[in-house]
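In what follows, subunit A forms one complex with subunit B and a second complex with subunit C.
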Partner chain A sequence: MAIPKSAERSEVGAHQGSGEIRLVDVTKKFGGSYAVQNINLTIPHGSYCCLLGPSGCGKTTILRMIAGHETPSSGEIFIGDQMMIGKRPVERGTAMMFQSYALFPHLTVLDNVAFYLKMRGVGKEERRQKAEEMLQRVQLDHLKDRMPGQLSGGQQQRVALARSLITNPKVLLLEEPLSALDEFLRLKMRGELKSLQNELGITFVHVTHTQPEAIALADMVVVMDTGRIDQADTANVIFDRPKTPYVARFMGGQNVLTGTVESLSGGLARLRNADGATFEAATGALEAKAGSPMSIAVRRDRIKLRKRLADQVLSAVNEISGIVDSTEYQGSYIKVTVDLGGGVFVVNVSDSEYFVDAVVRGDLVTASWTTADVHTLSKVDMGAIDDPYLDATQ
Partner chain B sequence: MLKKTGLITYLQVTPLTVVLVLFFVIPVALVVVVSFFRYKMLVGLVPDFTFQNYADLLSNPTTWSLYVSTIKFTLIVLLVTFVLGFWISYFLVFHVRNLLTAIGLFLLCTVPFWTSTIIRMISWRPVLGREGLINSGLQGAGIVDQPFDWLLFSDFSVVVAYVHLFTLFMIVPIFNSMARIDKSLLEAAVDAGATRWGVVWNVVLPLSKTGIALGALFVVTLVMGDFFVVTVMSGGLSGSATSGIFNDLQFLNYPRAAASAVILLIVVLVIAASIFRLVDVRKELVR
Partner chain C sequence: MSASPSYGSRPWTFYVLATLFTLFVIFLYGPMIAVLILSFQGPSASLVFPLRDPSFMWFDELFNPRRTGDVVGAFNRSLPLAILVMFLTVLISVTAGFAFRRRFKGATAIFYTAIASLIVPGLVLSIGTLVTFRYLGMSANWYTSALGAHLSWALPFGLLIMFAVLGRLNPSYEEAAFDLGATKWQIVKEVVVPIVFPGMIAVALFGFTLSYDEFPRSWLTVGTKNTLPLEIWTMTTNVTSPALYALGAVTTFVSFIVIAVALASIILIQRKRFRGK
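For the complex of A and B:
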């Protein structure tokens, strides 16, 4: 939606100060169980932050605590330099867009958007005029007299967005904003959210369980696992250099391999896995000891795949062998799933390479990569938990 | 083979139509017809077409005072049951976080209905009487010297009994429409700066309108149609529009009783119509 560059931002309720969010040692318990535990996170002012994780990982709880709809059991939340615990949502300078949009079904679109102004005691004429301006910005002024129930999902979302933005927040909190939309609208709204954030320059915190959404939008991706933050970094780092096997699996695009350290030399570790294949990996900051297990990740698109004859024996390092289980055409690349016997290995082969010597299901293949493309994980892989989100294949 | 659109449709609505005609349309029609009959002492009903019964009733000041008293009770009881019903439902729906607890408390509201109306009414006597719980308590505590006379056999005791009997009819429909309010609407209102009262006034109240209208309809028809509670609880000092009908029936003056019934029916229908005018219940129900 074409929103004029911060031009006439409504001066009503202008929130001064920075939209930096700082969570210090935040814990939230529901009954006896922890929703989130000892969260430390700083979201810089004006950034687009995505909280990413499977359902039940605590990402929505964090959002609701920032918004003031939940109170942490312990810990502190700062926005700018002000401590927010105990403050009402409206005093925090945050605005929340709910997953269900939470539009008031008994009010017209215009009155929905004007609700905040009504609560501030702005006169009827003035607030209607301001709300109309806001609706123009989301290009819905022609529907101002409709009831929310008469709008499509996409339109309802724009109304919800207008209703949030009229509070002139320094932090916009989005609870799975794109999950209720169909694929086409989702991509469209995704672009619009990003450009909106660029134009407003305020902090966006966006909760999602969809990896492509997070990567496409976020300046900062926070990957969560059952109440804890596994990794918080730029989208590029999260995707390319995941810290843990969990993040690597959750983000997809990586193969996680585990082996026992056989020898160490010059910052390189040589691993041998259960099948006898050997890999090399830079130990980096990790303290590796000979004889202890270590996990590495290799990006799917950095792997070479070639057919193998039945009597050929594995000899080289950074090679693994298996049988092609399936091939999936993805347009610019072909996703080849290789059955290793004890697990699966996914190789994304570019279409130009693939069609030179196409592999089919049942073919014996060897996958190989260079040590430079290996990324060492800080934790040892305990195996993918039985979770539909994990090992998501894109 | 029957044609789908024709006969089958009529067959499908027949059972309900028969029930309604037999037990609703015919009796009401009979009452209307009888209300135009003439009453003759010792003879009883004389078929006729006279407006005499209506003229008698409308020119009789007793009728008017009974209606004034009934409408007064209706309005007071409506107000009290609404305030009680609204806040009890509000508490159950929005404050009790555990659904099981809410259902448990809701069932608790229905406990008085396990006994009959008469017992529930009679049991107010030992509480409100001159020698009753409240009076002896107040006297025992030295707060008052003389017992309050207005506690029992008064308008007060009538209202107490009505409220006790009919509040549940307000709670149930309001609870029902409140339970359908998306909780995130309340949070959205708080997010937009609404105070607790602001949320109730701007979100909860308008979205509970259907339940309030239905509850009001129950209470209005129940109070307007009652003569028993008012007679027992006021000790015969107050009457209601229905007591007039009862008296006429005792004298076997069926025509005048019928005319009274028709007038009451019209009054209640007018009230119901105005309630439905305020709230489009059918539209709200499909929301």
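For the complex of A and C:
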């Protein structure tokens, strides 16, 4: 949210030092099962970090362990250079914004924001004045005497933010902060969160299961799968060069293809898939062996699609053929889903290209791409694991 | 099926159910209203309708007894007993409710043990209490044995209400307070108790009325001096005047006041929460 330049940061409980978060071999068990296992992660000071993954992947558990609402079964958590295990949230310099906002229903907006100061024994006049200043910063001072139940979702979220920020944290922890808002507000608040983080310069850790949200906000995206980190990098790298088939599928925007390595030469591997189509890929750092399987990813928007005549034979490298299953208009591009017989292949065709010779359901088509647009995955794809959620992409 | 469109005329079941409901309301409030009317009976002292020469003489008889029993004395025992039961029920239910928020070993067994006393017939419990007190060499009294017997009745209700109320309380509130630096005691005092306060009033209401109206569990446990329900029962056998109705009217009135106060405070709290100051 836009914060007037003149507004000074509250001095109450100012935390010195770095908001760098370091998790070392962190494991959390609930009963007999692991919520997260051997997590090693460093979130740089002052960065916007998104923990991304489907429900149950352990992202919220990590957030709650950083906040001090959950204690790891083993491992260490540092903020700055201090070990935080066993410390209370306020001692950690963290503040958490809950998914439900958890505004106290019996207190006015002003008293909700002043709660932290009240717990510290700050006098009524002083704490109300400070809380009012904080409410001005989120532009809600005109609602200070309302009860939380009278506010809209967006307003409640601003109050929750103000209530967290009054603790002057080094680290702000956000638990699915945008999930309770409608689409319009979600985009608006997304922008406001990002500019707030820029303004404050503190570390934000944001848990979400929505890929576009993570890409739009984060300096660092941490993609999680059932209790482990699959990849942690900038949004651009995660989207463009996913490390594993899981990340490629989860982030969307990629087609994952698997074949057997036929030959290797000059850093290029030639693959052949079960249908006989051949692909070329730069092996890079990956150790490829002839005869072993390998998976590659091709971005959906780097693929050429053309209609194919029934008697045409597929011969070229980096080509695949199938029948159009559906087309979905997305405004600037058209999402064309091609049925390969043994799987689906998605091509995002720009609208200008698409309408030159539009394909429709049932058309026989050929998709082709260049070797430069192929990206090698470090693991062999084990299939889409019958999980519709993973294949659901923007 | 007819092809003509229906504009929502009421089905026959509406009339059947409306009749049933009317009968239910008459059964619920009819006796109370009859007693209330007859309590204003004139000097004819007739115990049945019609009401002749309405007067307050039987209320006067109640508070300045000549022929009736010790109504004022009974009231002076029933009221403190009900208030005592109310406070203990709230205190124990709320603290037990907190304990049960964390699942601990044997929680289910303890819960059913507490609830099971509801199914023990009151008169049997009354006899059992008296026998036990005799065996232990203690004399039955309204503030000892009767208090215990009443708690065995009011507490399970209080526990059930409090479990429901605290079960619905989102743990995020407590975590948010902890996140903002509140100590354990501050979390209870500043967050949990204010939020569940309407539930606590409901528990208090149950505690009070269940004790104030209790007959079977009071029967042998109050000792030599009667509580109000026992006094009324004694009067039905001894006193054959409309003073009986006057007493019924007064006790019902007290119960109504308690319920009205409780409900009004719950509504006030809710209104404040959703409409602001």
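By our rule, the second predicted complex is superposed on the first by the 390 of 394 C-alpha atoms of A that agree within 3 Å, B and C clash if a C-alpha of one lies under 4 Å from a C-alpha of the other, contacts with A are read in each partner's own complex, and residues count from 1 in each chain.
Just so we're on the same page, contacts are C-beta pairs under 8 Å (C-beta built on N, C-alpha and C of every residue); 3 or more make two chains touch, one makes a residue touch a chain.
This is a predicted model, so every value here is computed, not measured.
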item: Side-by-side fit of subunit B and subunit C on subunit A, or clash; value: clash
item: Touching partner for A:76 - first (subunit B), second (subunit C), both, neither; value: neither
item: Touched partner set for A:262, first subunit B, second subunit C, both or neither; value: neither
item: Which of subunit B and subunit C A:145 touches, first, second, both or neither; value: second
item: Contacts of A:328 with subunit B and subunit C, given as first, second, both or neither; value: neither
item: Which of subunit B and subunit C A:25 touches, first, second, both or neither; value: neither
item: Touching partner for A:88 - first (subunit B), second (subunit C), both, neither; value: both
item: More subunit A residues in contact [subunit B versus subunit C]; value: C
item: Partner chain(s) touched by A:108 [first = subunit B, second = subunit C, both, neither]; value: second
item: Footprint overlap on subunit A, where subunit B in one structure and subunit C in the other make contact; value: 67, 69, 88-90, 94-96, 98-100, 102, 104-106, 115-116, 118-120, 149, 163, 167
item: Complex contacts: residues of subunit A adjacent to subunit B; value: 67, 69, 88-90, 94-96, 98-100, 102-106, 115-116, 118-120, 149, 163, 167
item: List of subunit A residues in touch with subunit C within their complex; value: 67-69, 88-90, 94-96, 98-100, 102, 104-108, 115-116, 118-120, 145-147, 149-150, 163-164, 167
item: Residue ranges of subunit B touching subunit A (in the complex, touch as defined); value: 182, 184-185, 187-195, 198, 202-203, 206-207, 287
item: Contacting residues of subunit C [partner subunit A, same complex]; value: 170, 172-173, 175-183, 186, 190-191, 194-195, 197, 269, 272-277
